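See below for the structure under consideration.
Labels run A, B and C following the written order; every chain starts at residue 1.
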Amino acid sequence: MKKLSSLKGWLYLLPAILFLGFFMVYPLIDVVMYSFEEGYNFASQSHFGYGLYNFKYVLHDPYFLQAVKNTFIIVIITVPLSTGIALLISLGLNSIKPLKELYQTVYFLPYVTNTLAVGLVFMILFKKTAYSEGLVNLLLNSLGMSSVDFIDGPYWAKIFVMCFYTIWVVMPFKILILTSALAGVKKDYYNAARVDGTSKCRIFYKITLPMISPMIFYLVITGFIGAFKAYADEVAIFGTNLNAAGMNTIVGYVYDMLYGNSGGYPSYASAASLILFAIVFTITVINLLISKKNVQY
Amino acid sequence: MADLTYTELQRIEKRAKVSGTVGKTVTYFLLTLWGLIVLFPFYWMLLTSIKSYSSYNSEYVPKFIATHPTTQNYVDAFTTVNLGRYFFNTVVFTVLTTAVMMVVTVLAAFAFSRLKFRGKSITFAIFLSLMMIPNELVVITNYVTITNWNMRNTFQGLILPSVASVFYIYLLKENFEQIPEELYKAAKVDGTSDLKYLLKVMIPISKPTIITILILKVIECWNSYVWPRLVTDNEAYYLVSNGIQEIRENGFGRENIPAMMAAVVVISVPLVVLFLIFHKKIMEGVSRGGTKG
Amino acid sequence: MKVILKNLTKKFPNRNKKIKEDVVAVDNFDFEIPDGKLIGLLGPSGCGKSTTLNMISGLEKPTSGRIFFGDDDVTDLPAEHRGVGLVFQNYALYPHLTVRQNIIFPLQNLKGDKKMTMDAMNAKADEVAKLVQIGEYMDRRPSELSGGQQQRVAIARALVKTPRVLLLDEPLSNLDARLRLQTREEIKRIQRETGVTTIFVTHDQEEAMSISDMIVVMKDGRLMQMDKPQTVYDDPKNFFVAKFLGTPAINTFDGEVKSEKLYLGDSAVLNVPGVKDGPVYVGIRPEGFIPDENGPMECDLSAVEVMGRDTSIVSTHPAMTVVAIRSIILSENRPDATGNKVRFSLKPYKVLLFDKTTEERIYFDIK
């Protein structure tokens, strides 16, 4: 009887195992192998031997290094900013009653939209063309500043648009999580603090913040992980050829190696993606250690 | 504290009232500001899509209203490029992927939560660890696999690797586990088969979570870009996301911005409509899924 | 510090949006509490007692009426400035702070010339911790403490700033039965030692009776009676108070007064001089029955329950408005439990009459 029920369990699990095995486990092993296979040739599916050549190549490739630089900048700017702004907005939402649901619904809209679609709109708004300065530039002009081509112009302008768009895209999720975290703080704590004459500032730092700190750390950790994987948002704004715009990301590099103009190098792609994984893993571990120390609750 | 004079009391009360009102005004102002920042691109999207090609290009200073609204762009969007086809592909892809995923997930979640079999805990632990594998990694091999199986530019090639997801299995399993085990035992005693129990009891009770998973997967599929881009280079198999990219770069995207925007509006509308109808459920679901993760 | 409530009213908009009228939680409430006493605010769920407490603390603003602490009108003063100590039903201890940090939290809010040094704050915290006997747990987190210990920490936190008034919201309802007895004595002791005017809210009449200096009975937002516990028990002003206090509950009957005699059913059971003729509500305390073969009141015997020192005789009577009549007598006086009838005579001061329309107490001369 036990054997039969055991079999049944495995039977129910079979579809999942098949899909996951084929499209997750096998690729994992495969990618690791690829990355160590030197001189892999896609056409002939042969390789020379095993070694670190692929990693060395990638780490010296200027395109890769540019991608790393871009990615890091985006991560460092967008994660703290988006979390901070989301916190402010959530605090604001938490303090009002009328129209709260309306605001929450509006704020969540970007989450369900296609980033490529919306990115295009951002591109149009920020781009300076022969026909028009673009809406954003007009705004700048009215404030007394000169026009900048944010899409084809200087590096800092492109980074600015990229960060702005990225923050715009990630905000819905963060606001949602933080508002529910804030709502979860029991009202009695605030009442107790009020009766004890606590100032609003102190209530925030000593009560609210510690009690939502687990969620904040969760958002920071997942924020970092997500930001390192940035790719689609960049394509949405700058188009498929990110290298031409100098805005490639690590993930973009991986796909370029695999498919792009210089593609057909799964071994380089694998090496690059493993390097990415290592970076993300390290940063996550660091974040977890910090959060263990600080999340007292 | 007992020695506050009357005037001091009055001052405190007044200050409390004023700071309350000022605070509220500032809050509403800032909240509205962000709301506008969120909504503006959509407004611009819609606005531009109804401006005629000539009027759009003649605007050195972009206007905030359309003086001569036209639906020509929408016509162009569907005729000059294959938007309709992209749409169709995306619907097929979304429906099939979600359907297969639901079956796989439900069976697996049921197995982990209710069935007893050897090696259950270890297998589940392995499943959980799979959640850590980033998608960017597996894509590489899947691309090679699909190419070798000659499934490039097919629906199978699009769908199969997109089905697998540990996260939803985990979410549903947790939900199944919250249903009291006594129900299962009672059903067993009544001679109900596992499959029947799953279909007639567990799924109806777990409806909220299942709907959540459904909606999340639909959003994921509809907006999916990377995988379709990798495995399809035949325009007939493009989905809306890589379709848009195609239009942007090789279609009329370069010159005909209004038509571009019309296409963008068209592909955004389904999910936005879905969202407006189900926004409460969607937000609850994402929140629950997010916090569980 | 005296606490005076004058015409205090609190209205809430009805949750059922179809009903236009507001829900009146507290209705024209008037009382004056002398300084330094322990007052029990007693009433059934939903009678407005917690709302009243919230208004005294400042967390809730009254719709109309005034609140005075001593001579100060504090009605418009926000909670932050009232100097009230409040112990919540769920304690509301900050989970991420230690016991010590929880206790000194209010002291850290003091500003200006009242500001204290860390040493002074710790000293005060130790002092108050000793009072509530929580001294050994100062460095623990609330989650590591039992319910009773958490509550003591909550009391310490409320007392540490030497409040003008101490308020407790259902302090014993989250504790198990054994702990309840112990803790209510603690509350009494602490109040005695500090001398702070203390008001606690409860729905348990036994609790209120055992430790309060005065009981305030509330129903539907109104003050029913305010008196010493024994007085509220012996001399209730209305039918509600009579029914609410006493364990086992008072036995109620529909009776009639004819020619200054009280009739239950067909039999006259008591002389009630000075009472007008008419129907009345009757309440007879369990200890008001004396088994008497020649007694005027005949009941149908249901059961005799032996409780050791006391014996409970359970019987029925046609005029009763309870499920069964419980009379408590000393076991040594119990009758022989033969037959199915039992006769009682009544102690006059244990028989309470109430007007059928107003439910107010009707007094009669007891000779």
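What we mean here is this: a contact is a pair of C-beta atoms (placed from the backbone, for glycine too) under 8 Å apart; a residue touches a chain by one contact, two chains touch by 3 or more.
A quick note: this is a predicted structure, and the numbers were derived from the prediction, not measured.
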{"item": "Winner on C-beta contact pairs when A-B is weighed against A-C", "value": "A-B"}
{"item": "Remotest chain, chain B as reference, centres from CA atoms", "value": "C"}
{"item": "Distance between chain centroids, defined by C-alpha means - chain B, chain C (Å)", "value": "56"}
{"item": "Chain centre separation in whole Å, for chain B relative to chain A (CA means)", "value": "15"}
{"item": "Between chain C and chain A, distance of the C-alpha-averaged centres to the nearest whole Å", "value": "59"}
{"item": "Residue list for chain A, restricted to those that touch at least two other chains", "value": "none"}
{"item": "Junction residues of chain C - those touching two or more other chains", "value": "78, 81-83"}
{"item": "Residue ranges of chain B touching chain C (in the complex, touch as defined)", "value": "1-2, 4, 9, 12-13, 16"}
{"item": "Chain A - residues contacting chain B, complex", "value": "5-10, 12-13, 15-16, 19-20, 22-28, 30-31, 34, 85, 88-89, 92-93, 95-96, 103-118, 120-122, 124-125, 131-135, 138, 168, 171, 173, 176-177, 180, 215, 218, 222, 229, 231-232, 235, 239-240, 251, 254-255, 258-259, 266, 269-270, 273-274, 276-277, 280"}
{"item": "Residues of chain A touching chain C in the complex", "value": "186, 188-189, 191-199, 202, 206-207, 210-211, 296-297"}
{"item": "Chain B residues within the chain A interface of the complex", "value": "23-24, 27-28, 30-31, 34-35, 37-39, 41-42, 44-45, 48, 57-62, 103-105, 107-108, 110-112, 115-118, 120, 123, 127, 130, 133-145, 160-161, 163-164, 166, 169, 194, 219, 222-223, 225-226, 229-230, 240-242, 244-245, 248-249, 257, 260-261, 264, 267-268, 271-272, 274-275, 279, 282-283, 286-287, 290-291, 293"}
{"item": "List of chain C residues in touch with chain B within their complex", "value": "1, 69-70, 72, 74, 76-78, 81-83, 164"}
